[in-house]
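Input: structures, listed below.
Here chain A shows up in two complexes: once beside chain B, once beside chain C.
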Partner chain A sequence: MHFSRKSLGIPYAVFLLVFVVLPLLVLVFYAFTNGQGQFTISNFTGFFTDPNTLGTLFYSLLLAAVTTAVCLTLAYPTAYILGTSKLKSRSVIVMLFVLPMWINFSLRITALKEILTILEGNLAMYPFLNAVIGMTYDFLPFMILPLYTTISRLDGALTEAAMDLGADRTRTFLEVVLPLSLPGILSGVSMVFLPAMTNYVVLDMLYNSTYIMGSLIGSYFSAYDWHGGSMISLILLALICIFTLLTGGSEETARGGALL
Partner chain B sequence: MNKTVSRTPGRTWRIVFLIALLAFLYLPILILAVYSFTTSTQIGAIRGFSLQNYVTLFTMPDLRNMILGTIVLAFGSALIATVLGTLGAIGSFYSKSRFSGAMNAINQIPVVNADVVTGFSLCILLVVVLHISKDTYFPLVAGHVTLCAPFVYLSVMPRIKQMDPSIYEAALDLGATPFRALTKIVIPQIVPGILSGFALAITLSLDDYFIATYTKPATFDTISTYVVNATKGAQTTIKTALWALSTVIFLIVVLVVLGMNIRAMRAEKAVKREHI
Partner chain C sequence: MNVFKYLNILNFLKKREIKKAVFVLCAAAVLLSCGIGTGFRITAKAGEPDPDKTIVLRVSNWEEYIDEGDWDEEETIELPDADIIGENSVIEDFEDWYYETYGRKVRVEYSTFGTNEDLYNMLTLGDEFDLVCPSEYLIMKLMAEQELVPLSESFFDESDENNYYIKGVSPYIRNIFETQEIGGEPWSKYAAGYMWGVTGFVYNPEVISEEEASTWKILSDPAYRRQITIKDNVRDSYFAAVGAIKSDLLLSDEFRNDPDYKKNLEREMNDTSPEMIAQVQEYLQNVKDNVYSFETDAGKADMITGKVVCNYQWSGDGVYTLDQADEDDFELAFTVPEESTNIYFDGWVMLKRGIGDDSAKQHAAEAFINFNSRPDITIRNMYYIGYTSVLSGGDDPLIFEYAEYNYAAEEDEEESDEEAVDEEAAEDVVEEAAEEDEEESEETEEVSEGTEEESGGDEAEDTIDYDVSYFFGGEDGTYVITADADAMHRQLFSAYPTREVLGRSSVMIYFTQEQNAAINRMWVNVRCFNIHHVPVWAWILILALIAGAVFAAVKIKRRFHGVG
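Entry: the complex of A and B
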């Protein structure tokens, strides 16, 4: 039998077609049909005319934006301090910040919930605040890692050159360091923004009953409404596509880079 | 040089900032760890020392089954994902650019996609359209392999690209069959990529909630699905046993990371010694 290295890829190619491409095609079919299998766009128009679903979309975007902003505000200085430090043990300290991402997220949120309950008394009093704290707690390591990777690789000679040429610290930071760390920022933002729109379990566990985009899919799933759920999935997929194009599709470097 | 140091915000403030952030990340887990060794059922009221939570954790059938189930699922699907993803990356690398381009693109879909959407779409295809019962575990395993394999592919690919192609050619010239050349020459060179892909696959599977929720049998639970359901009003014995679970997992992660770091440091030292 003739053996070819190319043929090794065939099982995975078939796997991708069956378990990645086919489900998406089925999703499109279900999104644009009704229970009788007839073509309809009512799922689509329904989403954009119902104030409830539009409110969910708005709440998701707001929550994701605030969470991302908070994560970036906390992660950038951390990554900057660590990335520019000359400490020998800095890789150990970085590891401390990244380590929580390997602890099961539901257990970490459980721990956070117990502490927040002590601090706030009734969790239901501050739903939005708790959602932001929970998501920040969950996603912060994913923001720190790509930022640190980018900043630690910056050429120190460039900042020195900027200062030698008369730029003060603020200007050096704004015009040299910040633009050069942009790839890390984009990668970190996409690691936080998208999960923050969809990870409804964090909200559930912290007693925030407001829906985000992910919870809509969950509720359609519980109601066996495959058509409605497919449309939400498709809309979410479109948002993800737009977002990935805007940030240059740099997510895999962060999620996959954790162990490399 | 001194000038730049003196103008940066105080060293103390930077250390305070880092410590505060570490406290935010670790205090909840550590406080829970302390309470897991007591008879307290609530944070705040410390009672006597007790290992009861750990006894419950490892003896209660429900808890034991979901822990074992999670581990078996993670290793099983990581193994399948590693074989598929590695072979896929090798095949794709040696294929025509149009084929490998398409494969790279499709491989990217589960990576950027939300897990909710991946899980939901797999559920519709396998359960609703093809009528495969969730009780067969097929949808669950397929879901976790779909989640993990693309990351194996991504971690193996750079290793293949770094390989010196002439070694493979040399093996063929010296009379090795293509299959032998592959197993003796190609695979050993990409082992680091395969291993980190496997490890990544395990952590992804262990952490997954959404794909499992949409594809798992009703009677089966992973740690994530169990914990999430348990927080919606569970018995106190289970609640506090989960504190023990959180502590055990925390310790395992710390040990594994510590072990990896020590190994990496030793390897670094060995390299330095060779250079001297």
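Entry: the complex of A and C
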């Protein structure tokens, strides 16, 4: 018996085929057929002509954008302080940020619900705010980690050089540190933005009764409309692809810059 | 206790939220497994059944909807005629019972589902079950689609002592199952009831009066803005909205006194005309901005923890909520809106695709229904689930005894010390009487009645006679529970609503595909953010932000290229 290195990849290939490729084909099939199994693009046009589905897309994008912005605002200074500090225990501190992720998701949100109730009095008065807080609470570690990794690997000599050459602190940060940490920002953003568009469990549990993309798809399936549901899933998938390509593309440029 | 409550809440979350999430995320994977499944499915049905072979019965039921046994000793329900305790799960007991009774081995493959829609999707995807327990509207849908096997004639033979269902089903429920029809056939031909209830409101009597909570219109009442929860499912919400919109009509004397009241009521409550759907949409959009949340399970916990003051609820869960609140010394109440209430049932039906023409399997399936209808098993299930069974027990007194055990006024608690002493003395008398007298039960009753009068005095209005004869069978006054005075809006009322309330209940029929499509569309419209609501300044702001981002990106890129 002898294996080539390639055969080690077979289990993953099988997994990929069974759980990713085939379901995707089924999804495409449903998206472009109607109840009678005939080919149609009405599901597709339906999505872009219905003010409610478009509104849901808008709401999801807005929610995701705000969440991402909040995460970035909170995470960047934290990651910067940690990444540039000389503390020996800084990996322990980073660990502390990741620690909440070890706790069960629904448990965390349930706890958050209680905290917010104490803070806000009546939770249901601020549905959008709650959703943003919930998502931020949930996804913040995903933003901190890549940022921290990038910033802590940043070559200190470059900032020193900038300062030596007469740049003040602000300018050094804006023109050296920030551009160099761009890869971290981009991967953090994509790790927060994409799940924030679909993670409707947070909204459900925090009593925001407006649908986002995830719940919209769910509602189509529970109304037995698999065709419409599949089409929305497909459109979402396409959006994610575009987003990834965009950030991925500039990420390479940024990396190129970081390599210098 | 708080810890348990907390754990309970978590349980809900785990079950529903995650299930839902997993369902959506894996929908595609499920689609696939169906495709592959068809290829691999082993043709188990081949050949004539061999009498020695174990029958495999595939049952699918709601989560936590059958007693799983393993009770503590203290949980034993001590009724005058029997002590009831669940040692093993009902499933195991059924397998043993079937072998002892019919001499054949049966193995139950038991699985659960979360919603009727999940079950229907599973069936469409090719999952095969022999016996399932959906709600009435899915039963109607399955009947209309001719997916069901009719119950056999022998199932209705009351002379067979093992036919616990037909001997024990409540005459009230039986009548509904025999008169409600789909395609000219009564439900009873295909379906045997399991649990039932009505919809209403659990409310906090310290904040809301019973009168306020007795109308569907409270959902849009600005006085309770963000303090009421509504069910996160389209059917229940639709029903409530119709009730609220047609409130004036439904409450008018003219409508009420019409000889065809019941028929008219069901017609009105099942109104799915385009105009009605449009009105419901508008109403529910208001409700969405007024209620605390659309909830699937969290409403019970939110009610108990006092986050909300009123909760649209199924009566079975109403009992649960009230019980849980009682443990925290927090008194809640249950009421049913005056306009109309949705009476619902879960029932057992056999599927053609599963049973086929396998008579041995059908026999086992019907035996499973009967076993679950045996009075002691019924009580175990009711105790475990907290819902009310459609069974009244027929000649067997156990189920009524269980209702009394749960809801009859307790004379030895909640009374002043002096009276408690009296009470003890009275109990001694009872015990002596029990030893001496042959007719112990009657004697006990007399004595306890006597006690009531003695201790009465200032608390003469402490108890009421709650008539449940309509359910247990017989003339008014045959089955009366002497309950605490507040029983009218407490657990007893939720478990066995009064005849008067049921007089204004209506069954919500299943909708045709077009109606369903229109109503689901309405629901999506209610729940979605409409893009037309985005103001112009917001668009300008967004465009500006995007332009800014692009500009920044380009600038950064240039700089790098410049440096590189």
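Methods note: the second predicted complex is superposed on the first by the 241 of 260 C-alpha atoms of A that agree within 3 Å, B and C clash if a C-alpha of one lies under 4 Å from a C-alpha of the other, contacts with A are read in each partner's own complex, and residues count from 1 in each chain.
We take it that a contact is a pair of C-beta atoms (placed from the backbone, for glycine too) under 8 Å apart; a residue touches a chain by one contact, two chains touch by 3 or more.
Every value quoted in this text rests on a predicted model; they were computed, and no experiment measured them.
When the two structures are aligned on the shared chain, A:Met205 is found in touch with chain B and with chain C. In the superposition on chain A, A:Leu182 contacts chain C only, with no contact to chain B.
After overlaying the two complexes on the shared chain, residue contacts for A:Asn122 are found with chain C alone; chain B is out of touch. Put simply, more of the residues of chain A are touched by B, taking chain B and chain C as the two choices. Legend: residue contacts after superposition of the two complexes on their common chain; A:Ser222 is shown touching chain C, with no touch to chain B. In the overlay built on the shared chain, the residue A:Ala31 is in contact with neither chain B nor chain C.
Touch criterion not met for A:Ala131: it reaches neither chain B nor chain C.
In the superposed model, A:Pro51 makes contact with chain C only, not with chain B.
By the document's definition of touching, of the two partners only chain C reaches A:Tyr59; chain B does not.
Contacts of A:Ile10 after superposition on the shared chain: chain B is touched, whereas chain C is not. Comparing the two interfaces of chain A, the one with chain B and the one with chain C have residues 19, 22-24, 26-27, 30, 106-107, 110, 117, 200-201, 204-205, 214, 217-218, 221, 226, 229, 233, 256, 260 in common.
Of all residues in chain B, only 4, 7-8, 14, 17-18, 21-22, 24-29, 31-32, 43-44, 84-85, 87-92, 94-95, 99-100, 103, 106-118, 120-125, 128-129, 142, 145-146, 149, 151, 153-155, 177-179, 182, 196, 199-200, 203, 206-207, 209-210, 213-214, 223-224, 227-228, 231-232, 242-243, 245-246, 249-250, 253-254, 256-257, 261 touch chain A in the complex they form.
The part of chain A that touches chain C in the complex is made up of residues 18-19, 22-24, 26-27, 30, 51-56, 58-59, 106-107, 110, 117, 122-125, 175, 179, 182, 200-201, 204-205, 207, 209-211, 214-226, 229, 233, 250, 253-254, 256-257, 260.
Of all the residues in chain C, the ones that touch chain A in their complex are 9-10, 13-14, 17-18, 20-21, 23-24, 27-29, 31-32, 35-36, 115, 117-118, 120-121, 124, 226-227, 232, 234, 288, 291-296, 298, 307, 516-517, 520, 523-525, 527-534, 553, 556-557, 559-560, 563-564. Within the complex formed with chain B, the residues of chain A that make contact are 3-13, 15-17, 19-24, 26-27, 30, 74, 77-78, 81-82, 91-93, 95-97, 99-100, 102-108, 110-115, 117-118, 137, 140-141, 163, 169, 190, 194-195, 197-198, 200-201, 204-205, 214, 217-218, 221, 226, 229-230, 233, 236-237, 240, 244, 249, 251-252, 255-256, 258-260.
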